[in-house]
Amino acid sequence: MPSIDLNADVGEGFGAWSMGADEALLAYVTSANVACGFHAGDPSVIDRTVALAARAGVAVGAHPGFHDLRGFGRREMRVPAAEVESDVLYQVGALAAFAVTHGTGLRHVKPHGALYNQAADDAELAAAIARGVARVSRGLVLVGLAGSEVMRQAAAAAGLRYAAEAFVDRGYDARGRLVSRSRPGAVISDPAAAAEAAVRLARDHAVRTAEGGELAVKADTLCLHGDNPNALGVARAVREALERAGVSVRALAR
Amino acid sequence: MPSIDLNADVGEGFGAWSMGADEALLAYVTSANVACGFHAGDPSVIDRTVALAARAGVAVGAHPGFHDLRGFGRREMRVPAAEVESDVLYQVGALAAFAVTHGTGLRHVKPHGALYNQAADDAELAAAIARGVARVSRGLVLVGLAGSEVMRQAAAAAGLRYAAEAFVDRGYDARGRLVSRSRPGAVISDPAAAAEAAVRLARDHAVRTAEGGELAVKADTLCLHGDNPNALGVARAVREALERAGVSVRALAR
Amino acid sequence: MPSIDLNADVGEGFGAWSMGADEALLAYVTSANVACGFHAGDPSVIDRTVALAARAGVAVGAHPGFHDLRGFGRREMRVPAAEVESDVLYQVGALAAFAVTHGTGLRHVKPHGALYNQAADDAELAAAIARGVARVSRGLVLVGLAGSEVMRQAAAAAGLRYAAEAFVDRGYDARGRLVSRSRPGAVISDPAAAAEAAVRLARDHAVRTAEGGELAVKADTLCLHGDNPNALGVARAVREALERAGVSVRALAR
Amino acid sequence: MPSIDLNADVGEGFGAWSMGADEALLAYVTSANVACGFHAGDPSVIDRTVALAARAGVAVGAHPGFHDLRGFGRREMRVPAAEVESDVLYQVGALAAFAVTHGTGLRHVKPHGALYNQAADDAELAAAIARGVARVSRGLVLVGLAGSEVMRQAAAAAGLRYAAEAFVDRGYDARGRLVSRSRPGAVISDPAAAAEAAVRLARDHAVRTAEGGELAVKADTLCLHGDNPNALGVARAVREALERAGVSVRALAR
């Protein structure tokens, strides 16, 4: 019986600003990636969000990003590797303390935005992230883009378990990278299309590219974006379709 | 044989900016309070500073402050108690991760600047700080202003050990509060005067006030400020005078 | 024929976060207070917001706040007067440049949140704000809480025109201060009640307090909050009621 | 008689942190580039620094950077052009207000750090900077790297006067770009070497490269770095050598 994890980025508010419908989304996923304060998510937001995830029985992960509140961590930056390592250690360490006090451990770490995208192709950056995570705990699972050998090897070198992530609501190019958000076909907001993509990913380990081709993608976890215009509709459709197709939806193993 | 801890605030740089002579100062103290990123101390600075303290055999503590980089955490602010609790939990959690990875545990937590000063007289704020610390670990020691019953009781209510702190390089008023930095007599930069004050505090549990009176002060730890114009001279004189007077200088017990 | 200005706080998004329905709200007001980047409103938001206001023919004002993004400028802070003066000058100077390039001048300055509230009763703070504004231009109108002699005198001392502001969607206490947002009766979200309060303020110079009493309030401008749960309904009702009552709704004179 | 401007980056402190010896350095230069708050320089620092420059009779310019306090604006970032334009407009507008209130106008704008370096080769970025500056005033002079046609053309397209800048205390590569600070030969701290380079630049329009070659460089202004280990010694030597060589040292013409 095939199995897959469903994850979502949550806790992306800051101060007076909120973003996404975390509580509703947490009903459909098995893993939550909680923003750690550098691109979103102040400590009050983190405290509330980890409490919500723990109560929902969802595995709690850290979602560290570049120190870029203004750009929501989505702007490409050149940051020295040693600095990235310390920044990841800081953010993951802080998140771990919240996860522990809410009675659940920290399960995984998934880099956010530009940090995630750059690390898929930058071995030095990926190694810095993995070292930062491993310095908090070797028991954490590092999540990276399915198809990125760079991230997989960085996790292995740091002694971390690794989980490959695919996207059911984002378009893929022929190289297996996500279509830029500024391009057409970048975001899939039709629940049925996303649900079909999820089942194909979980069962057949394949995805259809924006160009119409077929791409082999072996994923351990599927991401559901909360900022999708129809996020909850997509989440419900994906979850139901996976269960109907006999896929076991469960969090990443420690 | 009387004993006392000597502590210093360290890691107060940020990005391209440095402050204080941490490495030299660490040779004279037994406890280091490391800034946690909210008023000073980015993750790179924290990483380097905790490494220095660990190598020097100095007990590592967290020094959380208000989220106020511009004001170095010295500006009085009215922050809701729940927010302070989450902020302290976040900062202490992050620092603890650095302390662990550098092979030493986190020993204590001392609030910084306005957070420290306000908490000495504000029971709700003190309780929020203590809860934030206790949610990371009940094994941490909370440090507060000697003479503040508010802080002592907050620590007790949260199940934390408590250490009372006195200052050898700051003037006291008749109430046992520090003379404001904007007033004359606020900072004592004469090494001999500071050394004498240290010995009196450690041995006789007393301090002379700025008004010339005598005040009973029972302290477990003495603070040496790194931003004192003659910080290293003061630190050396204090350490030597204490040892000459037969006072055992050692870190706070866990 | 009585006349009054209607103002709203706009441009309160930041980075990826948005707040309020600025474009719709601008159809009902004659003055816009644009956040300046310290509590909300990054330069991209400011650029777009000033463009919207200019296109709508609404007078553009600056809405400077404390340097407190996390607390949205609503947390009480003790900031040295010289620092407040420089901070106001910086924010108003920046806003003025946007107003000029969008073909409209900067008309007025209204402090935000805690800065506004504290200045109503703190003469030193009010004077610092007024000096900061006057250093950009003596032609600007300073807006403060109706009933605050402190702000009126600070404006006069700095050579600035002054406009007194009242609130149609906030409750008043017997002293003429706003009921704290944490108390019941703080926010009035019923359009009819707000519209009635607006007409009474504009025509009769009076307001009913939360305690049920009557208070004389002489206002030059009325504030409509965009974060009111029913902000647009309130705005439309207020505007229509004022015009029906024969009140001329127009921006503050330079 | 050849003439040249000497400029320095000043006002690079922030909050409790200071950097450089601005007051001493201002005695040797004719133009000051004042940090605008995004990579350094809070409003209090700006107020003091512009006052110092005005009193010293030095032309005041704005030194806008990326919104990156942590990285001091030195980290390469990919920021959308529209965002850069608004950010430059904001920073230059704020600085202009300080320059006016201190009785001197704003003369020039020189981008800082990574923004400056990236713009030398990125036409879209250079155009965004130039538009941001021109929206404040067409009377401002835009300063860019000597040899960068991209910046020269961006200034021309925006209707701005342009000044080419060369460096007397930084090494050049054969392409006319600065040697990266992480490489040997990046920083020249010997006063005599810097003074000789200054005279050659001002009189012969040439510079010796790190590789030992000769490069034609036509510069209108020479930069003296305040963070050079021997900044004041270099500044004095350069100024004296230029005057001894009969070069007229004066600010950029409006």
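Annotations
So that you can tell them apart, the chains are marked A, B, C and D in the order they are listed, and the count of residues begins at 1 in each.
In this section, a contact is a pair of C-beta atoms (placed from the backbone, for glycine too) under 8 Å apart; a residue touches a chain by one contact, two chains touch by 3 or more.
Not measured: the values here are computed from a predicted model.
Separation of chain A from chain D in touch steps, taking the shortest path, is 1. Judged by contacting C-beta pairs, the busier of the interfaces A-B and B-C is A-B.
Computed from the mean C-alpha positions, the centre of chain B lies at a distance of 42 Å from the centre of chain C. Of all residues in chain C, those touching 2 or more other chains are 42, 67, 70-71, listed in ascending order.
Per the touch definition, chain A reaches chain C in the complex via residues 13-19, 40, 42, 69-72, 74. Of all the residues in chain A, the ones that touch chain B in their complex are 37, 42-44, 46-47, 67, 82-83, 85-87, 89-98, 101, 135-136. Chain D meets chain A in the complex at residues 67-68, 70-71, 75-79.
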